[in-house]
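Please find the structures below.
In what comes next, chain A is part of two complexes: it sits with chain B in the first one and with chain C in the second one.
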Partner chain A sequence: MRPVGAILRKDLLVELRTKESVPSMAIFAVTTFVIFHFGLDRDRLEGELAAGVLWVTILFAAILGINRIFVAEREQGGFDGILMAPIERTSLLIAKAGALFTYLLALELVALPVFALFFLSDGFWEALPRLLVVAVLADLGLATVGALLASIAVHTRARDLLLPLLLLPLTLPVMIGAAAATKPLLSIPLETSGVGKWLAVLALYDLIFGLLAYAVFDFLMED
Partner chain B sequence: MEVEQAEPAQVSEGEAGTEAILLREVTRRYGEREALHAVSTSLEAGRTLAVFGPNGAGKTTLLRMLATLLVPHAGTLRVLGSDLPRESHRVRPLVGFLSHDPLLYRDLSGRENLAFYAQLYEVADAAARIAHLLEATGMTRRADEPIRNLSRGMAQRLAVCRAVLHRPRLLLLDEPRAHLDPEAASAVDGLIGPGSDATRVLVTHDVEHGLAEADRVLALRAGHVAADAPAAHVSAADIRGVYGGAVA
Partner chain C sequence: MLATAIALVFFYAPNDADQGFVQKIFYVHVPLAIVALIGFVVAGLLGVMHLRTRDDRWDYRSYVAIHMGVIFGVGVLITGAIWAKAAWGKWWVWDEPTLVSFLIVFLLYVTYYPLRYSIEDPQRRARYASVFAITAGAFVPINFIAVRLAENLVHPRVLNQTAGDMPGEMRLTFLVALAGMALLYMTLVKLELTSKHARGQLRRLRRLLEEEGSPGGAAPPPIVTVPAKPE
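The block that comes next holds the complex of A and B.
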């Protein structure tokens, strides 16, 4: 775990210094909420529409961070430095997924209150604890698959195009699960039935794609 | 061209274990293009192999294979007693690579970069080791500035620190004195020069300097071995003949 901690600390330190990813993701999310606010011409959303607006915005904002997660390694030569080090190469995947997970949590720290401000009348605080559980499980899936796909896309010239093309279909189950689990939480009145089932779907996705990423990452990093 | 006839390394199985580096008919391709074709050479531990050749001759490809970053597509590659790529995990802790890129993160300071690599290599007493290397390269005063604020020469000095941080037994040096002024070149000499005790593979276009430091010379042209001989048997004029104006 030492290399994972070292790479993760390095990534978070670089992000703190450069502020390249998280602020862009947060500004993108807030801007998108503003566009939805005026585009839908609605002051209040609930149920599936609210859940859809929230998770589509978070997914698209996440793409910005995922796109840049390996850029420092690529542009500053860190790939060679890390690949030559006597560490398990999956340490790099776990650290990058950890960094993305942290970015997503930071994004949601901004995005959720702004979303509530724009679209929810009341019940946000009541729904928040369960919403956070949904967010954590969805973020785990996005971070794992995002780190895996970013490691492939970063080696291509069309990185910005390739990543969304690969990411969107593969994260469809996360979006379905997160939106379905969020829908009852943003209904008026708040419901909790059915949330557990979708949380289990999200957890299963995280497990399957986590194992898949762990299994193939070494191969992807081979010359 | 008066280059000594290429003599592919003839190393028996019994001797192979004593060689720090052994290449036998190593070929490496990028798509259809052969970057290295049936390259053979060998180097004893503690010696220096100088690699010469025009741009595109395959020098960097050779270094990257020795650094475990590229795999050979044919032939046998043995480094410090381990077969590559099968036993790369054994070789990686023992190799220090000074490449074209300093492999340093621009937004971190020199000290932070070295501390990061020290963690990856599990360097014992890392803080003292880093302080010693910074002192040796004259970088103590600028060690806490982000790399992006430093000149290329200063970044190169820090890259030398990174390459030797874990006390490697094999140093892979790609134009190690690039961007260094004479004083800085002299400062890093104790770490990566002939007195470093490590086995060295030195890629350089500085023919006189390379020959002076080499025990063995490998000259490449268009991925083929143009010369492979003890340094004493090769003259600077021979090496210049390899360049010959032809760029692969």
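The block that comes next holds the complex of A and C.
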């Protein structure tokens, strides 16, 4: 576990100092909300439309962060360092997924209030605790699959192009689950029935793809 | 087998009560879809075999299995659209979980090609392609579960209801068509593998010839000793 902590601390420290990913993701999310406002020509959103706008925006903002998560490793030889160090290679995956997870939480810290301010009439505070549970489960899935696919895409010629192509279909269950779980929470009046089932779907997805990523990651790091 | 299936489709199976003749596309569409999906999952298992044994042949098999699955997938989408137009009046409907999940799976597997062709080192390509095949193979059933939960259940669930609401002649025809399609798939996979193998050997021979022809080529080994890759 120690190498995981070290790599994770390194990534978060670099991010804190350079402020490369999270601010861009947040600005992107806010701009996308504005675009949705004009694209849909709506001042207030609720129910499934609100859930859809929120999660599509977060997914697209996440792609920005996921695309950059291995850039330092590629450009400055971090991969060789990990390979030569006497540690398990999977610790790189766990650390990167952890970093992505933190980025996504930081993103939502900005994006959720802005979303509520822009589009929700009221009832945001009531929905917030449950919404956070949805967000944590969805972020876990996005971070795990994102770290795995980023480590594949970073070694290809078309890397920034390939990542969204691979990521969007694979994370579709996350989107379905997150949007369906958010829909009743953002309905007026607030509903809570049917949320549990979707949380279970999200958790199942996280579990399966977490184990899968853990199993196959070693093979991506052999040379 | 496929010929038998076609004969059965046209001469043996009764016309559907409310869809009439168009319903016969069912004997092409559903077997195509089932075979393509099974092919995808098998490609994942072949990927596991490759990562375990490090034998390139498993990677080729996995690649060809996905390749054929994608081609069958195009067939599924086209026949499905025709059937949907005839039965529901629209080329595409969103509230059918089976359609949507198949489309997503298809979109995912189409990205296999850009992934494969943008990695140059052959060993790394084989490994990454296998990792993709495994991940995507596991994704197929999960995706179907997720989409099915999201939508209402109206698509005819053929397999679990086979015993229930398909008359005997239809069921027999369907099973024959399924078996025929599976055999077609396996034949095509075999054919493609053979052609890939032959192309690889041809390339190797050409390279040897070029080395022999070039002035700098120092005593190239005679062609007859080129070891044939055991198949």
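By our rule, the second predicted complex is superposed on the first by the 223 of 223 C-alpha atoms of A that agree within 3 Å, B and C clash if a C-alpha of one lies under 4 Å from a C-alpha of the other, contacts with A are read in each partner's own complex, and residues count from 1 in each chain.
One rule holds in what follows: a contact is a pair of C-beta atoms (placed from the backbone, for glycine too) under 8 Å apart; a residue touches a chain by one contact, two chains touch by 3 or more.
Nothing here was measured: the structure is a model prediction, and the numbers come from that model.
Undergrad: After the superposition on A, what does A:Gly141 contact: first (chain B), second (chain C), both or neither?
TA: neither
Undergrad: Does the superposition put A:Arg17 against chain B (first), chain C (second), both, or neither?
TA: First partner only.
Undergrad: Please indicate which partner A:Leu212 is in contact with in the superposed arrangement: first for chain B, second for chain C, both, or neither.
TA: second
Undergrad: Regarding the shared-chain residue A:Leu83, is it in contact with chain B (first), chain C (second), both, or neither?
TA: first
Undergrad: Figure out whether A:Arg157 sits in contact with chain B (first) or chain C (second), or with both, or with neither.
TA: Only chain C; A:Arg157 stays clear of chain B.
Undergrad: With both structures superposed, pick whichever of chain B and chain C touches the larger number of chain A residues.
TA: C
Undergrad: May I ask you to decide whether A:Leu165 touches chain B, chain C, both, or neither, giving the answer as first, second, both or neither?
TA: second
Undergrad: I'd like to know which partner A:Glu222 touches here: chain B for first, chain C for second, both or neither.
TA: Once the two structures are laid over each other on A, A:Glu222 reaches both partners.
Undergrad: Could you pull out which residues of chain A sit against chain B in one structure and against chain C in the other?
TA: 222-223
Undergrad: Considering the complex alone, what residue numbers of chain A touch chain C?
TA: Against chain C, the touching part of chain A is residues 148, 152-153, 155-158, 161-162, 165-166, 168-170, 172-173, 176-177, 180, 197, 201, 204-205, 208-209, 212-213, 216, 219-220, 222-223.
Undergrad: Which chain C residues qualify as touching chain A in the complex?
TA: On the chain C side, the touching residues are 51, 104-105, 107-108, 111, 114-115, 118-121, 123-124, 127-128, 130-132, 134-136, 138-139, 142-143, 145-147, 149-150.
Undergrad: List the residues on chain B that touch chain A in their complex, please.
TA: Against chain A, chain B makes touches at 67-71, 85, 89, 92-93, 95, 97, 99, 101-108, 112, 116-117, 119-122, 146, 162.
Undergrad: Report the residues of chain A in contact with chain B in the complex, numbered from low to high.
TA: Residues 2-3, 5-7, 10, 13-14, 17-18, 72, 76-78, 80-87, 222-223 of chain A touch chain B in their complex.
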